[in-house]
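The data blocks that follow each hold one structure.
Below are two complexes that have subunit A in common, paired first with subunit B and then with subunit C.
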Partner chain A sequence: MSRRKTVGIVDYGVGNQASVWRALHKLDYRCRVSDDPKKLDETDILFLPGVGAFPTAMEKLHEHDLVEYLQGEAHKGKPFVGLCLGMQLLAEQSHEHGLTAGLGLIPGEVVPFPGGGWHIGWNAIEQLGDDPLFAECDGMAMYFNHSFIFDAPDEYRVYAARTEGSFPVGVRRGNLVGMQFHPEKSQAAGRALLSALVEGLCK
Partner chain B sequence: MPARRIIPCLDVKDGRVVKGVQFRDHRDVGDIVENATRYSAEGADELVFYDITASPEGRSVDTAWIERVSRVIDIPFAVAGGIRDLATAEAVLEAGADKVSVNSPALARPELIDELAAAFGAQCVVIGVDSMREEGGYRVWRNTGDPERSDEAGRLTLDWLREATRRGAGEVVLNCMRKDGVRDGYDCEHLQEVVAAVTVPVIASGGAGAPRHFREAFEHGASGALAATVFHDRLIAIPDLKQDLLANGIEVRP
Partner chain C sequence: MIKKRLIGVVTVKDGWAVQSFGYKRYLPLGRPEVLVQNLDRWGADEIMLQCIDRSRPDRGDVGPDFALLDRVAKLGIATPLIYAGGVRTADDARVAVNMGADRIALDAMLRDDAQEVAKVGYQLGAQAVIAALPMTATDDGAQWRDYRTGKDEPLSDAVRSMLDDGVVSEALIIDHANEGNPGAFDPRVLDAGLADHVPLIAFGGISEAACVTDLLKREQVDAVAIGNFLSYREHAVQAYKEALVGVPVRPATYHRTIYA
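Here is the complex of A and B:
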């Protein structure tokens, strides 16, 4: 049996950390919801949630003095998962409401959804490449709600979704992973993905 | 295109789920958390809760039950009811709702939409509209939770929805009032003109009585279909409905 993992949920005042906490808590992970590096240090993996607009979220990360901390942890190779806006924050920059620098942890930028408009609702995710971490959830339907996407270079893309065309919805660089959808709101499929990420990244 | 969504709608009054006909004569349908749990387990894609007496009573939605709901379900849900300022919206979202839906308060002060979208992102701002056909076209009604206090808001539905989405609403719920609770099909003609008028997803509401009504709404451009009576009274089971839609070539989450 694997050791019970401790998950750190970065609380920087943008909405959905409670839902992320509930989902991980129900999977029986020990959770620390905090903006305090000392508390986040005592965890096996970091989750960066987020909903809303990119510039506001970056501003809040700065206000909570978390930018350098998160960058440092990612560089050290700490397992780290960004969800929805938390995934987009990993990018170099975003074009939402003007140009804003992101955490710059994965190359690429955040751009409007292809053709404009919104991608809201349930859509299947398709695995790109053959990383075993993402095999289990290939083809599962997840809940999306966004109008911008993280246009990362091909080599970092691990999942795509399809409307008229295909677009990236999952990225990985080492122990750093980003998911555009909301696994915490995606029932059994989301639970499968969250536990695959925690177990797979915290070896 | 993402899968079309099936969205049970729970009208909340005095802490219970209720349902009326054409916005009147509400009867008790049961406990909020029990209903939410049932729909989440049966395959609903999203839920919408309306605190129907909040606006007419001049108060905002009670957040205690929102938190109870968010503890038990793991699908997205929206909450509506007298959300007229940022602080209330923030409390609703912090209690666990994924979206706030505004209707009467946005008619009273349209800037509310801009403020909500700037603070929380357009993805969590839904504009709900209660629309009724009258001479000269469909018009918007307000305070519809209380028949004694509801009245016409002095706006054409299409104009109002263009304005609301321009101000930052990320989704529209179109309630056709005459269709509410009568189960003879969505108003697809009106639905289609609304879909054409806005660039955001449109959720059809009012009139669902049979699986084919859902199919028609999706064929007329709805991204989601909202229904209450047929689900509350167990006239349609969500898994059967999804089977029927899939068999008819409409993509839904299995």
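Here is the complex of A and C:
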């Protein structure tokens, strides 16, 4: 029987840590919600949630002295998942409210949603490539609520969604994964994905 | 493709979930948490928790019902949650989101403080902000109801601009007079003078699947919100969805089917 995994949820004062905690807790993972690197070190995988605007989120990460820590953990190979705005923070930079540098962990930049406006509601995700980590949830509907997207190079894209055209909604670079939607609020489909991510990345 | 949404509404007054009739008469339904949990279990696309007595002049501005939000958050629901009621500042909105709300619907603040609305949009992203607009249908188009004074007036340019400029993402158009009255939704309330590109959520007196279908087939209507009528039977959300023909909604799920 596999060991019960411990998930570190990065608490930097922006967003929905509580919802992410509850979703993972219900999946029977131990969770540590903290901005303290010592506590986050005691975990198997990091989740970086986020709701709101990119510049505010980066400012908060700096305020909490978490930027270098997160970059260091990513480079050391610790499994690391960014959700929604947390995914966008993995990028090199964002154009939301001007230009702001991101964590720079996955090449690419955050740009306005194609055609402007928003992407709100339930949409199916389609797997790009053949990474087995993402196969289980291919075609499932997830809940989106965003107005910017992470325009990552093709080789890092693992999921796309469609409105008029197709756009990336999932990225992976080694131990780093980003999901533009909210698996914690995507009912059974979201639970399946969260479980696949924790189990798949912590092997 | 992006799906149109069926939103389950839980109306709360004096801390209790109520069946509301035109926001004038109320019947108690029980604890709001139980209704929220049902909607989550039944697979609603979003849940709106609207606390209707949080910014009434006769009660004072008591602010959002954070205690209720906390109780709801502790349920660990996996359905997106819209919170409405008593949000006075961007800070109120941020706290509500930190506690588990995904989006915030604003009403009084739209009239009282446009700058604060912009601040909410800046901090949370406009996609997280909804303009709640109680409307009264008239032969001359829809009039905007101020629920604190009971007066109707044309929708203000300021609110129109907020929606036009993307300060807030969607307009929740409430047929307040027909709310809670089966089959009474008057589509004329949708004629609020908003630009064609502003996404609408229709609410108030929508009970029949045919009406839901007609509304969701309108290009501008992204979602329909239903209150009382979801409380009458088990899995009402999915029963509605089964009856919607030719409308791109998430299919009825009944627990296990999770594919789009």
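The rule is simple: the second predicted complex is superposed on the first by the 203 of 203 C-alpha atoms of A that agree within 3 Å, B and C clash if a C-alpha of one lies under 4 Å from a C-alpha of the other, contacts with A are read in each partner's own complex, and residues count from 1 in each chain.
Here is the rule we go by: contacts are C-beta pairs under 8 Å (C-beta built on N, C-alpha and C of every residue); 3 or more make two chains touch, one makes a residue touch a chain.
These numbers were taken from a predicted model, which means no experiment stands behind them.
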Subunit A as common anchor, with subunit B and subunit C clashing or fitting: clash
First (subunit B), second (subunit C), both or neither touched by A:T163: both
Contacts of A:H182 with subunit B and subunit C, given as first, second, both or neither: both
Partner chain(s) touched by A:A192 [first = subunit B, second = subunit C, both, neither]: second
First (subunit B), second (subunit C), both or neither touched by A:W122: both
When both partners are placed on the shared chain, which of subunit B and subunit C touches more of subunit A: C
Shared contact residues on subunit A - subunit B and subunit C: 15-16, 18-19, 22-23, 26, 51-53, 56, 85, 116-123, 141, 143-147, 163, 182, 184-187, 190-191
Residue ranges of subunit B in contact with subunit A within the complex: 1-5, 40, 45-46, 70-71, 74-76, 93-94, 96, 98, 118-124, 170-171, 199-201, 223-224, 253-254
List of subunit A residues in touch with subunit C within their complex: 13, 15-19, 22-23, 25-26, 51-53, 56, 85, 97, 116-124, 139-141, 143-147, 161-163, 182, 184-192
Subunit A-touching residues of subunit C, taken from the complex the two chains share: 1-5, 40, 43, 45, 73-74, 76, 78-81, 94, 97-100, 102-103, 122-128, 166, 169-170, 197, 199, 222-223, 250, 253, 255-256, 258-260
Complex interface listing, subunit A residues touching subunit B: 15-16, 18-19, 22-23, 26, 51-53, 56, 85, 116-123, 141, 143-147, 163-164, 182, 184-187, 190-191
